[in-house]
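Think of it as A, B, C and D in the order they're written, each chain with its own count starting at 1.
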Amino acid sequence: MSSNIYDFSTLTGSIHAWLSGLMSTGWVTFTEMVLVGLAFLLMYALLGLFLVYAERKVCAFMQNRVGPNRVGPYGIIQTIADLIKLLMKELIPIRKSDPLLFNLAPFIVIICSFLALAALPYAKGLQAIDFNIGVFYVMAVSSLSVVGILIAGWSSNSKYSLIGAMRSGAQIVSYELSVGLSLLAIVVFAGTMQLSGIVESQADGWWIFKGHIPAVISFIIFLIASTAEINRGPFDLAEAESELTAGFHTEYSGIKFAFFFLAEYMNMFIVAALGATVFLGGWMPFHVGHWEGFNNIMDYIPSVVWFFSKTFFLIWVIMWFKWTFPRLRIDQLLTLEWKYLLPISLFNIVFIAFIVLMGWHF
Amino acid sequence: MNSILEYFADIFKGISSLWAGMRITGKYFFSPGEIVTQQYPENRATLKMEDRFKGEVIMPHDENNLHACTGCGICEMNCPNGSIEIITDRVANAEGKMERVIDKHIYHLSMCTFCELCIKTCPSNALAWGQKFEHAVFDRSKLTKVLNQPGSKLRKEAK
Amino acid sequence: MSEEIIKDVIIGENEDYIINMGPQHPSTHGVLRFEVCLKGETVKYLIPHIGYIHRGIEKMCEANTYPQIIHLTDRMDYLSAHMNNEAVCLLVEDALQVEVPERVKYIRTILDELNRIASHQLWWCAFGMDLGALTSFFYGLRDREHILDIFEESFGSRLLHSFVMPGGLMHDVHPNFQKRIKEFITYFRKKLPEYDQLLTGNVIFQNRVKGIGHMSKETAIGYGVTGPSGRGSDYSCDIRKIAPYGAYDKVQFNEILETGCDTWARYKVRMAEMWESLSILEQLVDNIPEGDYTAKMKPIIKLPAGEYFQRVETARGELAVYAVSDGNKSPLRMRFRTPNFSNLFVMNEITAGHKIADLIAISGSLDLVIPDIDR
Amino acid sequence: MLNRQELTDIISGFVPEAEFPEGKQLLEVIVPAEKLFSLVENLKSDKRTAFNYLINHTAVDFTTHFTVVYHLESTDFRHLVVLKSLIADRENPNIDSLTALYPTAEYFEREVFDLFGIRFNNHPNLKRFFLEDDYGYPLRKDFRDEVNIIER
């Protein structure tokens, strides 16, 4: 394979070797865990802040505005200023709320989004933990956040919050099916659930190109369903600020609100990263057939750039959806899932199984 | 069979209508020249309000510090919400006759609704619109203004 | 008193889920409170509570002279300020038997239509936002800015321009007036199809608005729903056609009627009215006759004792002014029959059985302006 | 569309004691308060008149008496009539409600009740709209509010 020049496993391996020379195996594992945790915390915060800024800029450009431009050059530290503001805000206790659950909910939501980050392959050799059921794991933990949302809506003792939470519950439970089935399509193609394995299988072409039309269909279904799963417009019924003021986080303030806010953006990053990994080849560069020169140029772009550019492209598409479409009604939302997305993806997966059986894919 | 066709036609029509909307927002995303936002505090130097802009009521004074207000009180009478108060004084003029002059022409900007009746009805055209629009202050009392400048006098028309 | 409040709150049965939408709810467009009783997500009934910004304009009118009243009417329906002003002016001119110059009539009509377009644009953006399409809000406001700039150039103010006086206008329009209107017409004719692409054709949008909020013609007449909301129910209620004022008898225009009776029909009426207003503007803008901008009026206007009644079509429906004069310079009683007051109370009738999201869509399609309800 | 004379004839057929003041902008009819409801009912149901649209309903305080004013229009024929009733009783003014005929009357009447204190019989929900229950009736000419209203 030609894309070996930016392999992170040499870097991580040398760190490991250096640490092993200093201390015993147990301590090495502990130190590495702390280092990885710190790295993820840093990445989480930076990505969250960047995504909030990106969202504002994207929506501003779509709306003929300039967006944040006051704090720092081009407003790039606007979100940091917002974060400081949110940190200093009062945490308002809600009368007759359930204090334990009320305080717990933002943490559940944010932990779920944090867990999913671990399994994503960011670049060649840069993956915290390579599960052999990676796809399954990411889906499982990212859908856990509905528990946090339900708890938040229930415990805030607000009628708007409760409606928002109930909507969110119905929505995530049903859209989980479509997300799963559309990912399953690629799992069938690749023959593995391991995320690194799926990426490796795309070395000679991304699944969206190799998998014919069924892969395109499942990609579109994945985009729609995952947008719904992370409660973003046009499926932001759980928040629905024109109907329910702010939905499940109406009563939250200060840093607890910021947790929900951050988790929403990180969930967006996670689904975009998952989509990029599964459909668009993850950190694999773009190769065209036998154009050796072109392929070599592509290999010189580091794999981490490939991964993040694909992910941010998908994030941009999801933002594009949000800033174009009106919100669906709850019954239409469920109709879309059960009458359109689910049957189509079921047929699609049968079709893909048939293709794979006949060996028609590349 | 027909209903199956309809089902797929629905999907197709739906997606194409969604794409039409996405084309609009996408087009504007890639054309930053269409941005209409005015960068307000930065463009202060070039920001020119229209001549007729109703910023506040002013009393124009000429270079000799003369104004045209005779203190007749018609503007005070016509103001719907009492934002004008006129305090007049009587002073002796050159011929020794007592004459009415304004002491203070008080204008409460905080109460003004910009209906233009004072300016419209003024018989001597002593009032006009000012183009200043940055009226924000920290104290409400600062919005009460005295329109005639200190030491100003009534402009005598040549007879 | 307190007992009544308690009775007010605990009005439903025990399992009823009563939520208060407003007074600070994002989609009531002002300080209006809906007491909504829900069963699941379905609205069982709805009680509007108004009066949060009641300013007693009718009482204030009794202490003001007629020219002073005009600037109060701006503050009722601030989005059709010009039509409100014109209603009082027409009433005074009618009472004094003043013949206003042709030029004034033409300019007033142009301003009516410009104001109507501006108001419908704001409605369009707010309606899109109610349904969650936030981008529509900025596109509408962007185009509305062009009209407001024309207003600013001629009258000095953008929203509440007390530009009309009994007998004519405050002063003549700006020399650029005609040129800028023509520019606006060509500009907006290009932008209006974008509105359709972004929202009207959108399948999500259509599914959201079609078939909800059914208001039959009888309901509309019974509740006195007028304006585009009434015309969406095939109820011909355009005062511009019934009792033409200004230059409306000199222009060709159609009264837009839709038979759908639902939110979608009301949406289509307003979109078509923007096109219609553009064509009215086109007919008028080149034909403004020369002449005085005001008729000769006495400095102090006193209406002869009697009762006067004047109706105009604002952007939201029929505004009727009823004045009782005892011969003094201020009226004995001034009554404004505002369109939104009547349009609001049909809500309970047409929202029952719909979802909360539909409630927002329906209230958006009625295009409520709260200061107009409260006066 | 019926002209003034035809409408006058029809209305005096329904209520013989109705008065028709001369020299008004619109056709005005002054009917006794107790006859008002039956007259409006007849005007609405009669095929010739079909007054189905209540444009405006309000009251005027003439200090000696209240006048309750209804502007009715027919959406089919587009003729307009102004009905008036005089209420001399200032302490406990009341008149029949038209809510049964026009749903919009319910809210116009609540507003009139709020601002004038005129009670409407058979009104389903006669509560104050804008003001507190113990506040006076501000559109009456003898209303004084020293705190909130500055007299000029």
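By our rule, a contact is a pair of C-beta atoms (placed from the backbone, for glycine too) under 8 Å apart; a residue touches a chain by one contact, two chains touch by 3 or more.
In this text the structure is predicted, and so the values were computed from the model without any measurement.
Path length between chain B and chain C in the chain contact graph, taken as the least number of steps between touching chains: 1.
Ranked by how far their CA centres sit from the centre of chain B, the chains are topped by A. Comparing chain pairs A-B and A-C by the number of C-beta pairs in contact, the larger count belongs to A-C.
Annotation: 64 Å between the Cα-based centres of chain A and chain D.
The centroid of the Cα atoms in chain A and the matching centroid in chain B are 50 Å apart. Chain B and chain D have centres, each the mean of its CA atoms, that are 42 Å apart. For the pair chain A and chain C, the distance between C-alpha centroids works out to 45 Å.
Counting partner chains per residue, chain A shows two or more touched chains at residues 62-65, 323-325. Looking at chain B, residues 18, 21, 24-25, 36 sit in touch with two or more other chains. Residues of chain D in contact with two or more other chains: 152. Taken as a graph of touching chains, this assembly has some other topology, since it is neither a line, a ring, a star nor fully connected. Contact between chains, using the touch rule, shows up for A-B, A-C, B-C, C-D.
Touching chain A in their complex are the following residues of chain B: 11, 18, 21-22, 24-26, 28-29, 32, 34-37, 39.
Considering their complex, residues 24-26, 28, 52-56, 58, 60-62, 69, 71, 75, 78, 82, 102-104, 106-107, 111, 115, 127, 129-134, 138-139, 149, 151-152 of chain D touch chain C. Put simply, chain C touches chain A in their complex at residues 17, 19, 25-27, 41, 128-135, 137-139, 142, 198-199, 202, 204-205, 207-208, 355-358, 360.
Here chain A touches chain B in the complex through residues 58, 61-66, 69, 320-321, 323-325, 340, going by the rule given at the top. On chain B, the positions that touch chain C within their shared complex are 13-14, 17-18, 20-21, 23-25, 36, 50, 52-54, 78, 80, 113-117, 120-121, 129.
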